[in-house]
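Right, I'll just put the structure down here and ask away after.
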Amino acid sequence: MSNWQILWQARDQFWSGFLSTMTIFGCAISAAFVIGCVLLYLLEGSRPRLAVPLRVFIDGMRMLPFLILAYLLYYGLPSFGIRLDAWWSGVGALAVYHGCYIAEIFRGSRLTFPPGQIEAAQAHGFTRSKMFLRLILPQIVMQTRPLLGNQLIYALKDTAFLVIITVQELTAAANSLSGTYFIPTEAFIVVIGFYWAVSIVMEVIVKQCGRFGSRRGFDNV
Amino acid sequence: MSDLHATAGRQATPEPPAAGNSHVTTAAVSIRNLSKSFDDVEVLRDVNLEVKQGDVVTILGSSGSGKSTLLRCINWLEQPERGTIHIAGERIGMNADGRPMSVKALARVRARTGMVFQSFNLWPHLNVLHNVTEAPIHVLGQPRQEAEARARELLDKVGMSHKQDAYPNTLSGGQKQRVAIARALAMQPEVMLFDEPTSALDPELVGEVLGVIKALSAEGYTMVIVTHEMAFSRAVSDQVVFLEKGLIIEQADPETFFTRPRTERVQRFLERHQ
Amino acid sequence: MNASAWHMLLEGAWTTLWISGVSIAMGVTAGLILALIRLARVPVIDQLLVLYISLARATPLVTLALFIFLSAPTFGLQLDRNVAGILALTLNTTAFNAEIWRSAFRNFSREQREAAMATGMTPWITFRRIMLPQMVITSLPGLINEMSFLIKGSPAIAVIGIVDLTRVTNRISAVTYEPLPPILVACVLYMAIIGGLVWAQRVAERRANRLAV
């Protein structure tokens, strides 16, 4: 039996690893997006005393490797009596970590947001939160979509770190298969193919959003 | 800039053309039957031009007439389709057998011309002195000390010696252009090519650059100048060439050109620009 | 934490630093070479490089490190852990650096190159004396940013058993049963390293802006 045939027989393991990675990725990136939006809103200035600690927190996260944050949640939190399992630590760490990166991407775009639009909204009697949700956030998200697309790919790649804290995902599947049957080359080629395919699909989606965005005139404001 | 006139005095001494070979002349620049198109548009049509040693030739014409292209053909920054160009008797761009020159041979001929660009094109990572010494050291192989001594002389000549340690981004347009002139002079070229040297300058800075070029002409440098400055052209030229749609339609000494133009086209051009 | 724990942490930090440093040096150089090769647009090689860059950017470092370390023996190569780790980091960072260098090339001013040729410089002298020094200055912010990413990705080499600054915290807590302090110290050390790079990047950006005439 050739190595590839062995892999084909073990396809269920790959598939469940892939689904696990995609579940982790999907949950984490959705939460990260929400965290990014909330951080941006908090930086808007409704609570001035929060601004400095938040900036320190965001910059601090951006100076850490992702894995050390996962360690902090998985190995460190029990010291405070909070015990998360590997999966929740992993998803939580991904969400917080990439949430901070997304917040920083948003913040950069917010700095160049045309003040005239905000004045116009204020003149029309928008509340602060309505203005943020209806006016600022949609434009900033559309404007930063290439950077967000990059961040998605980074987040996808960071899911592989979770094999180190024993989460069963795609790279873990390849690792265990290559151990069981001693066919590491083939197993990892398949897995790398999975990551590659997902990255390409994400790039295509971001580009399609770009077309939609320029049709709606988001790029010319 | 005062010593410019003090060192002036080199006279143009044209030698008799060598007998027999029509391509070997003592002209600083000799252009024969030059044609060039971009895509389907002919920008130069069968242009012939001789620039004698020590002569100053200004090329006039409206924009799009092909005058910059003609200048850029002389040092082969643009490659013409037909025709030949000789720099002090040496053919540029093509070997005698009609094949393109090797990059090394081309670079060696180019080193015999100096070019001053409309947009200065100083190298921003080098200070003023090193902008001037870079090519003499790395192309001509001059020792650094010698190159620097000569560069200081040239910077003095263009009135920029006080800025020799400054970087280009701290200079005004006029100062940049004067350094660019010193940079071109440092190669001791047979001919200096000026491509609209004052077009990118604020009006109040034009004078300082034209002043330097005038002083060079008094020293006997051979120069080909594309310009829009009529009074300057009249004052400095030995020959004025008028280009229209890639053709030389008038060529004369400045007195004749500016007072008794032959063609109606040039008359209208002069009326608009005076 | 006792003295031996501190000692281990510093050793872990040193491992992270030297393995990253070697990978950065090789990745920056290899990236430049790849960018030059891509500029030449050699038919088949160009497509292969595009494929490599696309794959390398999509492959997680952990997966790449495991792939190299585990599959090398099946080709009859016994790779040292450190070599496998350096190889993984280098293969990854080279792809990003190649793109940084390539964009510096493509954005290089045509006029400045013309000015160099007009003085009689050959293409090689023009590249060496005029283009490369400026490309180094303009690419440096991007290259340093990529170095930060490499350090942030470097814990991936723990997966093949290298005891780096992240992994060493496991070793320490296995003895002390107190995982939190070493992890926090590791965090501080990482912040110091990456903070230094961020600072260097700002300095490099200021220098690069000064180049813009």
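To keep things simple, chains are lettered A, B and C as they appear, and every chain counts its residues starting from 1.
Rule of thumb we're sticking to: a residue touches a chain if its C-beta (ideal position, glycine included) is under 8 Å from a C-beta of that chain, and two chains touch if they have at least 3 such contacts.
Everything numeric here is computed off the predicted structure, so don't read it as measured data.
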| said: Which chains sit in contact with both members of the pair chain A and chain C? | reply: none
| query | What's the chain with its C-alpha centre farthest out from chain A? | reply | B
| Closest chain to global C-alpha mean, per-chain Cα centroids | C
| remark: Note to self: most contacts are between A-C
| query | How many Å are there between the centre of chain A and the centre of chain C, using C-alpha atoms for each centre? | reply | 22
| message | Need the CA-centroid distance for the pair chain B / chain C, whole Å please. | response | 47
| task | State, to the nearest whole Å, the distance from the C-alpha centre of chain A to the C-alpha centre of chain B. | result | 58
| said: Could you list, by residue number, the parts of chain C that touch chain A in their complex? | reply: 54-55, 57-64, 66-67, 70-71, 74-75, 151-156, 158-159, 166, 169-170, 173, 178-180, 183-184, 186-187, 190-191, 194-195, 198
| field | Partner chain B, residues of chain C touching it in the complex | value | 109, 111-112, 114-123, 125, 129-130, 133-134, 137, 210-213
| What part of chain B is in contact with chain C in the complex they form? | 75, 77, 103-104, 107-115, 117, 119, 121-125, 134-135, 138-140, 167-169, 180, 183-184, 187, 193
| message | Under the definition above, what is the set of chain A residues touching chain C in their complex? | response | 60, 63-68, 71-72, 75-76, 78-79, 153, 156-161, 163-164, 170-171, 174-175, 178, 182-185, 188-189, 191-192, 195-196, 198-200
